[in-house]
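Going in written order, the chains are labelled A, B, C and D, and every chain counts its residues from 1.
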Amino acid sequence: MSGTYLLQNLIDGISLGSIYALVAIGFSMTYSILRLINFAHGDILMIGAYSGLFIMVAWQLPLWASLLGAMIFAAFVGMLVERIAYRPLRGSNEEATLITSLAVSIFIENLGIMVLSPQPRGFAIPKFLTKLHTINEITISNMTILIISLAIILMLVLTYFVICTRMGVAMRACSENINAARLMGVNINKVVACAFAVGSGMAAVAGIMLAGQYGRIEPLMGFVPGLKAFIAAVIGGIGSIPGAALGGYVLGLSEILLVALLPAAYSGYRDAFVFIILILVLLFKPAGLLGTLEGRKV
Amino acid sequence: MKKITAFLLTLVMVFAMAGCGEQKDAAKDNEAAAGETIKVGAIFNLTGAQASLDGPSLNGFKLAAKEINAKGGVLGKQIEVISIDGKTDQTSATNAALKLAEEDKVVAMAGFSDSNYALAAGPTAQEAGIPFITTGATLPSLPEQVGDYFFLAPFGDDAQAYAAADYAVEKLGSKTAYILKDTAMDFTMNLAAYFEERFKKYNGEDAILLEDTFKTNDQDYSAQINRLKAMKTKPELLFISSGPSDCGIIVKQVREAGIDIPIISGDGFDTPLLIELGGEGANVDTYFATHTCLTNEKELVKNFVTAYQEEYSREPENGFAALGYDTMYLIADAIERANSEDPTAIRDAIAETQGFEAVTGTISYEPGNRVPKKSVSVLKVEDGKFAFVEEVTP
Amino acid sequence: MLSRRDKLYTGIALIIFLGLLGILNNTLSGYHMRLINLIGINIILVVSLNLTNGFCGVFSLGHAGFMAVGAYVSAILALPLTKKALVLPELPTWLGSIEVNFLLSLIIGGLVAAFFALLIGYPVLRLSGHYLAVATLGFLIIIQVLITQLSHITRGARGINGLISYTNVWWVWGTVIVTIYAVWRIVNSSYGRGMLAIREDDLAAESLGINLTSHKLLAFCVGAFFAGVGGALWGHLITVVNPLSFDSNRTFNLVVMSVVGGMGSITGGVIGATLMTIVPELLRNLEVGITIFGMSIPPLYGLSQIILAGALILVIFFRPHGLVGNWEFNWNFLKKSKNISKTTQNL
Amino acid sequence: MDTVKKNKIVLSVEGITKKFKGLVAVDNYNLQLPEGEIIGLIGPNGAGKTTVFNMLTGIFPPTEGKIMLAGSDITGFRPDHIVQRGIARTFQNIRLFSNLSVLENVVIAAQIRKKYGFISTLCSSASFTKEENELITKAEEYLEALGIAEYKEQKAKNLAYGIQRKLEIARALATNPLVLLLDEPAAGMNPQESIDLMHTIRKLKDEFNLTVILIEHDMKVVMNLCERLQVLSYGKILAEGTPEEIRNNKLVIDAYLGRSTASA
């Protein structure tokens, strides 16, 4: 096994991991505040990808504008979903919110099939992004570079937002203890709406990156990344934003590296190995890599 | 608590009554209407993961029914297509087949592009004694597994895989091959196995240098491609056994990694997505064996494409649309020849079909074989379009 | 414990119910009987899921995985030898040369599923909440991968078809009665109370001498056993099993049924399974095109799922703990006096 | 003191220490507890009293030290094993099974000694029915003993605070313990309720032949009930002795008692 082979796979794994990380972060944000497993998060990603395509094709706008537009639209949809489906259940039991999010997911997916047709569509990205660079037999496209760097930039922006802005502080307060935050005068509705907006916006970016990388979108495209985001968030320590990012990279890298390092006959076992790793991580760190175990309070 | 019980009981009763009432009325209607139309059942997965294949099939199927009705129908009666969504779920598929057989009293059924669902619904039709023609499932052993009421409209996987192997060896001169196959699909596994068998027959046991796998919708194939790039002896041919949803992405990623070896595959590649997603990559030496070439100059094909465009304001999405279209005509032809609405008579008529000219080739069932002997078209991608290369009968 | 009177009522109700089934079996169409059988299978699956998820509070998403194990084991065992040689030629000889009767294959299927539950449960059940949910979902995916890959035993993605349709109304509803009885016995015993205590407060439960691991494992394994049996019945109803038959959607479906009915109650499981089997089938009737005043509306496929999702959200809004919550069916409504029976009965 | 000496030691704790990530919560705690004694554990908030209970009941295994119950070493045992050996407890913040009935709460504790197996559960065998009935009778006895039998059909979460406290004690008693640990049983009670509780505990001690460790802030309760007191401060034992000795201990007054006696 040559060094270049390994390096190539590392780059590919980081690229895939960046997308998972973006989805997982949004997933984890809403979880940390509401303890809500939002299965509809992946479908927001789908909506983001479709709106991005629409902006590029119908209005002939460049990629950056479509990214921005998709973020705004997805943020709006995210807030709408929260307002309609999740807010009335605030403070309710976990199972109820879980089922509601499943229902929202079924709703969006089938609405997508009805309105957008189940046919996959091509998602063409500007030519300069498909350009390949080859260094030492390692190929890397501009798209991959864009994905990796955009993920890093968004994470830095998010970190700034969470640490330095009033809303960010309020968000952290809510995730520590939502009732205490409420008593301290934090407007919970605003914070939750904001978390949904930010999370959905990031999912939209991930959606466009995913569509751009693989060139295809379809109404059910959100299901798998949504599930992966859930897993990534859990690996990292559900509710922890840096954890979600880390979990995304771990998941992306292990998916690629497992196939790369195992003999070809075992490629089909990839998902099984990924989950075995996941279960092992949880057994040794029951609260995920960066999660804090909510100790048994006596 | 009493209130809840009462509420629930009422709810259950209302539902039960609604259900019974509705179905009884429907049953009555059926009997009254039995003389007026000939009912044909269509079970396609219109939602869920299979929707992109089955949707166009149903469109083609309905289009054909419309055309037949416009020309006066069969046996002087109009054809009524009763379509039920299989929801990409085996339970729903069998429920639908039972409903069509028992509630709607259809004389024949058609549907599905994947053998998993055909295998679930087929036995139900078999038991009810109603002929079932699968529009798109290509597993050659299906009729044998289900029974004598089950037919394939397309050729079997063996035919297309052999055609691909023949073409690769004879025309492309390939001596060694690499196989990438989707392990999550019955179809891709079979296709790869038949290709391997034929290719080894020509070039010896060691002709397949590497076999790698993926799963439907993996989306990222870089690990497999990196392994392919790292191979010491480069293969002369890539056989990629994938379904329509993955083929474009795979071709794109393979070509982007700088691999220019010829790619060949089966009808899974017969989708505009191959060109749309494969982009420039698909233009490089990409071949596949399939049912028909929609850019073919044949009268039948041209008429179908125009009619489809008129009806649905878009090009046929893929070859499955043509297969759906052909299946309806095949059923209508059988009813006409049977001169009866009796499912068994129709079954016998289907089995006797000889030289039936269809968009996807000429359909004949040899005695005892319910997989048609059909010609296979080999296509190539050229300037962003499918170009006809040759037609073979393996 | 049931009082004499309650036993009498239950017995009478059972006889009436079985008689009714017999009559329906002879009068209803195959399609309607199919629905009745599916309701029964879903009741088996959901009631057993409620034991784990609802009574013990171990929120598992692996139920479809146990279904898969049971369905495959029973399918391979009960397949007639002649067919086995044809369909599964690569089976190890000892497996390829036995054919067991259906009942035995159901039981073995359930037991193997329970054994898998033991294997996965022992390490995983120390997790809690969403971590456990993901780990059990992982188990489901691992099972799916194994079934896909071990093609010499399972035929991989091709699945095993041509199963004999053994499953009929008596097998299904017989198993329903056994399942409900077993779960009801467990719930009303020290084991069940231990599970309830763990659900309410695991630390307090442990401090009162309840062995968390063994109770959780018991709930998990019994749940898996019936999931395996339910899966085997399902397989022999549809007559074909493949890896895609048991995906995460199926697990989610079962969880939805369980939550809609009420997780912490057998009654809830029965109601949830019944409603969520019938309603989607009824909604199908909406998916036909209609012609009004010459305007034809094409059939909108996916509409039934959308309506169902909307209805689901409404149910959860108004009854977050499901339609019946933790309430159990009992015969008290037949009693005139208001005082509640002496002991703590749940049924 | 003489009466105490006569009885044999039921619980012996030797130098248990608990560290959380370097922080020492309890440092070298010792206790020799003779049968039938009520000992009080007092100290300011955060002194480590509840941590001592958690170590004794196995919720946190001690970092160092040894716990002997009735002559056998139970250090590091799991909570459920320790209860079976005979240490039961109540919690500072009540931890009832709130959606279950009062009777069920106590039956769950009483079933620690049940013998029937899984098969007889499924068959509803005679031994099963007999034992279940015994369990219920036993649980009802404990409810009677605490005078809360009238609530047995109610859900635990619907009870008044004081009754919830009593239910928790009944539940702990139902495990038939040698040693009972009570964590602030009088917290949140009014003076009259506290006095009632005092009488109840004394009565239970005699009736069930109990040995009790009591954490309590209410000095009236502690001084009246306990034969001996331990004062904990910053995880260490500051003083130990009879209530009289503690009341006059300079160190204790400075660290802790001064304020509360003054205010009491």
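Here is the rule we use: contacts are C-beta pairs under 8 Å (C-beta built on N, C-alpha and C of every residue); 3 or more make two chains touch, one makes a residue touch a chain.
Since the model is a prediction, treat every value here as computed from it, not as a measurement.
The chain with its CA mean position farthest from that of chain B is D.
The chain occupying the central position, as judged from C-alpha centroids, is C. Between chain A and chain B the centroid-to-centroid distance comes to 34 Å (mean Cα coordinates, whole Å). Averaged C-alpha coordinates give centres for chain B and chain C that are 33 Å from one another. One finds 72 Å separating the Cα centroids of chain B and chain D. Between the Cα centres of chain C and chain D there is a gap of 43 Å. Touching of two or more other chains is recorded for residues 148-149, 203, 301-302, 305 of chain C. Annotation for chain A: residues touching 2 or more other chains are 110, 113, 268, 270-271, 296, 298. For chain D, residues touching at least two other chains, in rising order: 59, 91.
Of all residues in chain A, only 37, 85, 88-89, 92-96, 98-100, 102-104, 106-107, 109-111, 113-114, 227, 230-231, 234, 238, 268-272, 275-276, 278-279, 282-283, 286-288, 296, 298 touch chain C in the complex they form. The part of chain C that touches chain A in the complex is made up of residues 59, 123-124, 126-127, 129-131, 133-135, 137-139, 141-142, 144-146, 148-149, 203, 248, 252, 255-256, 259-260, 263, 300-303, 305-306, 308-310, 312-313, 316-317, 320-321.
Taken in their complex, chain D has these residues touching chain C: 57, 59, 78-80, 83-84, 88-89, 91, 95-101, 103-104, 107-109, 111-112, 114, 116, 118, 121-122, 124, 128-129, 132, 135-136, 153, 171-172, 175.
Of all the residues in chain C, the ones that touch chain B in their complex are 29-32, 34-35, 38, 148-149, 156-159, 161-162, 165, 234, 237-240, 242-245, 249, 271, 274-275, 278-279, 281-282, 284-285, 287, 299, 301-302, 304-305, 323-324, 327, 329, 333.
Only residues 1-2, 4-5, 8, 11-12, 15-16, 18-19, 22-23, 46-47, 51, 83-85, 87, 89-91, 94-95, 98-99, 101-103, 115-116, 119-120, 123, 127-128, 139, 145, 183-186, 189-190, 215 of chain B touch chain C when the two sit together in their complex.
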